[in-house]
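Both complexes below contain chain A, partnered by chain B and then by chain C.
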Partner chain A sequence: MIANLSRRGLLGGIAAGGLVLGIGLPAARGQQQQRFGADGMPNGWRDDPRLFVAIAEDGIVTITCHRQEMGQGVRTSIPMVIAEELEADWSKVRVTQAPGDEARFGNQDTDGSRSLRHFFTPMRHAGAAARTMLEAAAAKQWGVPAEEVRAANHAVLHEKSGRSLGFGALARAAAEMPVPDRTTLRLKDPASFRLIGKDTVGLLDNHDITTGRAGYGIDARVEGMLHAVVARPPVFGGKVTSFDAAEALAVPGVVKVVAIDAPAIPSEFQPLGGIAVIARNTWAAMQGRDKLKITWDDGPHAVYSSDTYRAQLQEAARKPGKVVRSAGDVDRALAGAAKRVEAEYYIPHLAQTPLEPPAALVRIRDGQCEAWACTQAPQATRTRLAQRLKLPEDKVTVHVTLLGGGFGRKSKPDFVLEAGLCSQAMDGAPVKLTWTREDDLHHGFYHTVSVERLEAGLDADGKPVAWLHRSVAPTIGSIFAPDPKHELPLELGMGMVNLPFPIPNIRMENPEAVAHARIGWFRSVSNIPHAFAIQSFVAELAHAAGRDPKDYLLELIGPPRLYDPTDLGDVWNHGEDPKRYPIDTGRLRRVVEAAAEGIGWGRAMPQGSGLGLAGHYSFVSYVAAAVEVKMGSRGEISFPRVDIAIDCGPQVNPERIRSQMEGAVVMGTGLALSAEVSFKDGRVQQNNFDAYELTRIDSAPREIRVHLLPSRDYSQPLGGVGEPGVPPVAPAIANAVFAATGKRIRQLPIRDQLTT
Partner chain B sequence: MLSLRVNGTAHEVEVPADMPLLWVLRDVIGLTGTKFGCGIAQCGACTVHLDGKPVRACILPVGSVGARQVTTVEVVGQSAAGRKIQEAWIALDVPQCGYCQSGQVMSAAALLARTPQPSDADIASAMSGNICRCGTYMRIRAAIKQASEA
Partner chain C sequence: MTAFRSLLAAAALCAGPALASPCTDQADALDRQLSGTADAAVSASSGGQGVAAARESQAVQPPPGNQPAPPSGPFQSPPREAQATQRAADAGAAGDRVVQAKATVNRARELAGRGDEAACLGAIAEARRQMGP
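Showing the complex of A and B:
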């Protein structure tokens, strides 16, 4: 791609004098003044057009995407926003991927469903500023006031004289124009959008993907490249006691065997240590690894077994714990309730298992380190690579490939550091390091394991007057701090403490849990167990009250109103300003109603079929799922249809929002039905996809209908899309199973709980 | 030295006969369109055609290929079925991350070549060996149907 562009005479780079020319790059903005949204992220945001837009003399516009593509469509959607304001012809737009460099591009950490939420406005500004510079160049050339010209369809026009100049012809002169102040920019009227909010643009990398030409981290290749795999401690926190590599080194193609030090605990994103085998090809490296003779010291976590740990979580959930939200007097209200309902819900560890396992290529030449990696967090990767290899950060370049899925796993750069250490051990020779699927399942950053215990008191009308929720789960904080036993505010704020139900007596507690494995974020994170428990429990309460679950849920949500999340005890609010992003129960109601209407809630269902519903607020978006299940003769579940409704505020790329919702339904189905990571004696029991079972085409919902709640007001803040679709799916399934069978699912995965 | 015919080209490769075809394609010949996902024929990301039949290259010893023609995703579009499948994939924006789609396209192209008008059951049977972690199954089914009508 770079070569092609230079052949076209790209006006970019330091020498060429194009729009991308980097004179006086803007300093980090906002971080000192504010702390929410993009301002609150490390290195904030940028909107300087010279960083993101380059125009060649042939008119080709090259847009730099600084966020990472992992299937959410960001390499399409961010360029769409710039191209919209630029008035560029999409067929003349090319996209290049930024390396990890947050000082230059602003925050690049692609997680938390926030790429468009944080960069919609900066990217509009970047596009509008570049357009303004093109207009100014044309006006100057024609000697007319800038107000008399306007850009449209890849050219600047002067209507009075009928003159027009294409973007390519103006590129060089436009680069000489001052970058306009953002407060003077004229943004487009959303009524005239051609790309934003439309379905006019296909997925940017679609052709390359479909023809096998797309480059992922595992596909990176350079001349003379070696290949590596690592034997890691089978138990988290374990160490190599001794090893014998003689047989491994005898495998044809094996070049070297290298020890990687075990990390200090907490290990953050550092590699787990172990023995790396470097070879001429991946297969030889894998064969060599099989021949290693290693004695391990398992360390303290060899005690970790999921069966006993679950019992510990349950025991903790049945006793009082740290109070994280309290209103009224729950104990008294429970004691005086007409009816009491209690339930415990369990979700095991999960692994993200992006279909492309972690893989990276690193080479070090002349003191310069280059990495090619499928990373969600290229700046974090760069910083830690520099630290670990003891190189100055400006000597480290992280090129970002496409990601073959991420789901949070690839936010952690441990695998890139492993590749860097192998390259260093080979005097800087290029080494590509690949994780096998077994490595991915055995040595991951797992979704937490949790018990959620809920207890409610109902009044004579079946209405809840008391709500007691205890959440017990090892925290993500355990990879950053020594032995923390409580969930972080960001975990509690994922749909637990920010419960927007107007119940007079509420207490939420977080009893202690010890982490025995690396806990990491998995798409939707703690929203998954919280939504499963709460939305299942609401349906249980409806049943106890003898009410329709949908009516009951809507009554519990109550009339449309706004909550300041801090008033609910949520100090996090997905990083967003609580004033700008209040919790809007009206929006939650509307998605529940839309999903229910979509599935035909209330229609007569045949024997063995049922409908279930759940709604959840996460990543400052509102999603509800309605599921139809059909039970087979032996208790097997199929899903004729799922309706999922999302209100994510203004929509940039509706086509990708739909695809994210479809995918979320499938991922939610998988974790409801079959996915589980369990430990025995500190070791993960699932080796591969034969035991860690994912949804396949024949077990996925037959039809998924996505309802996008309309929002045309682009002055309103955007919500997240990548993650919020997942949480309501599993409880909607469990509720549908109850409707179909009368059996209440309180632990996931369902697996064989219903088979007869 | 083993002889191999890949995408119409003869290759002489110096690898052990038990090396899976996948790694020969990716690491030795340099065709990276065929993906590694599991190594035990559970996910289908490595699907290639041997004389037109879909096989999982991750468990196929290269020594067992013999004179059979290996076709990968890079050239499957040269066949009518492969071209129709790729066109439908693009028209319906099937991929999300796209990593599994090489294998999906290869399985789908083989299905379409032998069953020009596949039923839902045919599609489920032919495609259930291919995992898509992003969950694009509904569009995969729709794209196969669209390709079958093209």
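Showing the complex of A and C:
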């Protein structure tokens, strides 16, 4: 069961058992000089050991994790880093979850595949500082120089005298020691790591998750709580014209019906508005919702239908748009090319569909608001909850539960605000608000929909001399600013403009697209359409040139070299320093080679089977996927094997990296085969998993082999892990389908495109 | 020098006489300026798509105002968030204008390579407009 940290709880621990290395407010240290990565995040980072490490007299070390757990294993990996530097015995480590409080803990917004990228070094410092304090306490007690003692295996040793003291025995004295300056800390030599980079630690919450003890947002429960569901506008931007709640209120168990105002547009993370039904149990609330008689004003987006919108995107993609990267003269090179190839790719809206739909419990009493929520962004939740409920922020506490999947959906706290409004309407009584699967599919923050048009000119040897890419997609920016029509730099920087192919004539354009749905980020974000289009197109070019797709891709990547991403037109670079995080084509080559070698690229394939390959750089990591497909007699696809290779720089928890890659393959398979959100008259057409299909056991790859490219140099920067596995999967599948059938997949999902 | 810059240099060398033209000199100067602004744009964004999307979309406001939209829901204290959004706006509209201007500068180089100095200078002027004040 996840445990939440509160000041009261910690103090109680002190009284009960001598928890002595406890919290303290962070020292405001010089974090202003640097600008990139964690330094650029709201509220930056902290490394004060008193925030993250508590040691009880029985020797139990409690580590506070300030990032959110949604299956990626951060509640294991962050404590591992601290425990490593602390020299703690992992079996004596417990983990508690921080509430949303970035003023104390630094940035907590768990997105962008960056928890370890941003916090590896601060957490090493926190662990090393705590270890130094323990060593100082022991040295003082023994009256020996601090240099003569060292911590190892949960104790501090003085080798000269043979004395040792356990962490528990030293904890109280250690708490009295000054926190050492980070510049004086002695970090461990990576050669002596026991936990980091090893396969010795399993997922901390694994037992609870697999035995049903894990506490998710949807499990949150307090005495006397009520339950709520909301009838939201069926069309984004719609609002209630009138409603009749008489029949709803007559449902046994229903206690109140509450109107929630529609938000102003852009609506950011605000609730969509509608009518909330509050009841004694969830079932009654749902029954009451069904009985509501609501007249909706659908607003301007009732015209939104995916079929016609797709045609609009295609039309836009066939005309020039805003130029976002240019080199050479593409038009002239295309005109003079020996061969021209063009293709359009369509990637639909997607929904994150975490298996645990959004859910939150909120209680307001004595002017204090408490929320329990499966949120990726507890501070953003806290701020907005305070604003919406008109409470001071310090009167709002957000306890973070485990998340049964997030994928970007739970970065947006609209569902917690809904629960807060319901609690407020009930004079502060605790209200658990639950989204059904249908709610989640109908009222989400959808992954964008896009048409990607590519044209290339090949010379007589089949080598590309011109490359034109137009990407047309409504932007995430539409939830933050009024009516934007172009993708943001961060979206264009996700695998489009930062294409590292040394083609002499390149032009990339971004024609206009208007958003008609609530667009949000979905695991891997715009890398999905960009990777699908580009990596499919490369294979199409290889075919046009009569070349092997792997050889062709490697030739396009070219020899190992470094690019400053800003030189390529990527002015986001995931917020990382372009000098510290250049694009390294050598690393991209190596993952492509590793995946290809893993799957046995080049081996003879039986009829109806084929291999496909794709490589992609995202979240400052490099991933390639190689897929084997086998076609059934009626065109059904199966996947005997997928090999996926990642170079994410130095590795903290290889077991979790493999797990994330396996999960990415499964998710990527689903979005390639079956996942699609479509609209008609502004309404989402899919209701549940019968229509929005995820990968099931029978369609999942039989075998997934993960190849971790070794990197033991921990002075090098870390890359992301949570998201970069997804983008290359769909194009690798499409390329394998082509190898097996000769049919080119240019629109996702594949669904019945191959069945006869 | 990065490999890409090496490539550009090689391409420029191939262009021959245009290398030393007043227009390519201006392109070089503008490129240096754009590189600095590009780095500022990177630093003004953040590592997470949520905060970056908020800042970038608020920074990319169309003329005539060109003022960043007020943060709709701050991710840190309102003054600091407003400052961050302003920094993003100042960095070529979170890099949006930088990207366009870079592309135009590259087009200018191409025109210079063809010996069309006037068109090159026109493109340089366009790039300056794209960069904004």
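To be clear about the criterion, the second predicted complex is superposed on the first by the 725 of 756 C-alpha atoms of A that agree within 3 Å, B and C clash if a C-alpha of one lies under 4 Å from a C-alpha of the other, contacts with A are read in each partner's own complex, and residues count from 1 in each chain.
The definition used in the following text is that a residue touches a chain if its C-beta (ideal position, glycine included) is under 8 Å from a C-beta of that chain, and two chains touch if they have at least 3 such contacts.
This one's a predicted model, so the numbers in the text were calculated from it and none came from an experiment.
Asker: Following superposition onto chain A, is the placement of chain B relative to chain C best described as a clash or a fit?
Answerer: Partners fit side by side after overlay.
Asker: Of the two partner chains, chain B (first) and chain C (second), which one does A:S471 touch, if any: first, second, both, or neither?
Answerer: A:S471 contacts neither chain B nor chain C.
Asker: Looking at A:S77, would you say it contacts chain B, chain C, both, or neither? Reply first, second, both or neither.
Answerer: The answer is neither, since A:S77 touches no partner chain.
Asker: On the A-aligned overlay, A:V666 touches which partner chain: chain B = first, chain C = second, or both, or neither?
Answerer: It touches chain B, and chain C stays clear.
Asker: Pick one for A:D698: touches chain B only (first), chain C only (second), both, or neither.
Answerer: In the superposed model, A:D698 contacts chain B only, not chain C.
Asker: Looking at the overlay, what does A:G405 touch: chain B (first), chain C (second), both, or neither?
Answerer: A:G405 sits against chain B, while chain C stays out of touch.
Asker: When the two structures are overlaid on chain A, which partner does A:Q108 contact: first (chain B), second (chain C), both, or neither?
Answerer: In the superposition, A:Q108 touches no partner, neither chain B nor chain C.
Asker: Touching A:G40 in the superposition: chain B (first), chain C (second), both, neither?
Answerer: The answer is second: A:G40 touches chain C but not chain B.
Asker: Answer with first, second, both or neither: which of chain B and chain C does A:P354 touch in the superposed model?
Answerer: A:P354: touches chain B, not chain C.
Asker: For the superposed model, what is the least distance in angstrom between any CA atom of chain B and any CA atom of chain C?
Answerer: 20
Asker: Applying the document's contact rule, which stretches of chain A touch chain C when the two form their complex?
Answerer: So the residues of chain A in touch with chain C come to 35-38, 40-43, 102, 109, 111-112, 114, 117-118, 266, 268-270, 322-329, 377, 379-380, 383-384, 387, 408, 411, 475-482, 484, 486, 488-490, 492, 497, 502, 504, 507, 521, 525, 561-564, 566-569, 571-578, 582.
Asker: Show me the residue ranges of chain C that touch chain A in the complex, using the header's touch definition.
Answerer: For chain C paired with chain A, touching residues are 2-5, 7-8, 11, 35, 38-39, 41-54, 56-58, 60-61, 69, 72-76, 80-81, 84, 92, 94-96, 98-100, 102-104, 106-107, 110.
Asker: In the complex, go through chain A and note every residue touching chain B.
Answerer: 69-73, 202-203, 205-207, 209-216, 218-219, 221, 227, 252, 280-283, 353-357, 402-407, 434, 436-438, 655, 659-660, 662-667, 688-690, 694-698, 700-704
Asker: Quick one: in the complex, what on chain B touches chain A?
Answerer: That would be residues 15-16, 19-20, 23, 26-28, 30-40, 42-43, 45, 72-74, 77, 86, 89-90, 93-102, 105, 123-125, 127-141 of chain B.
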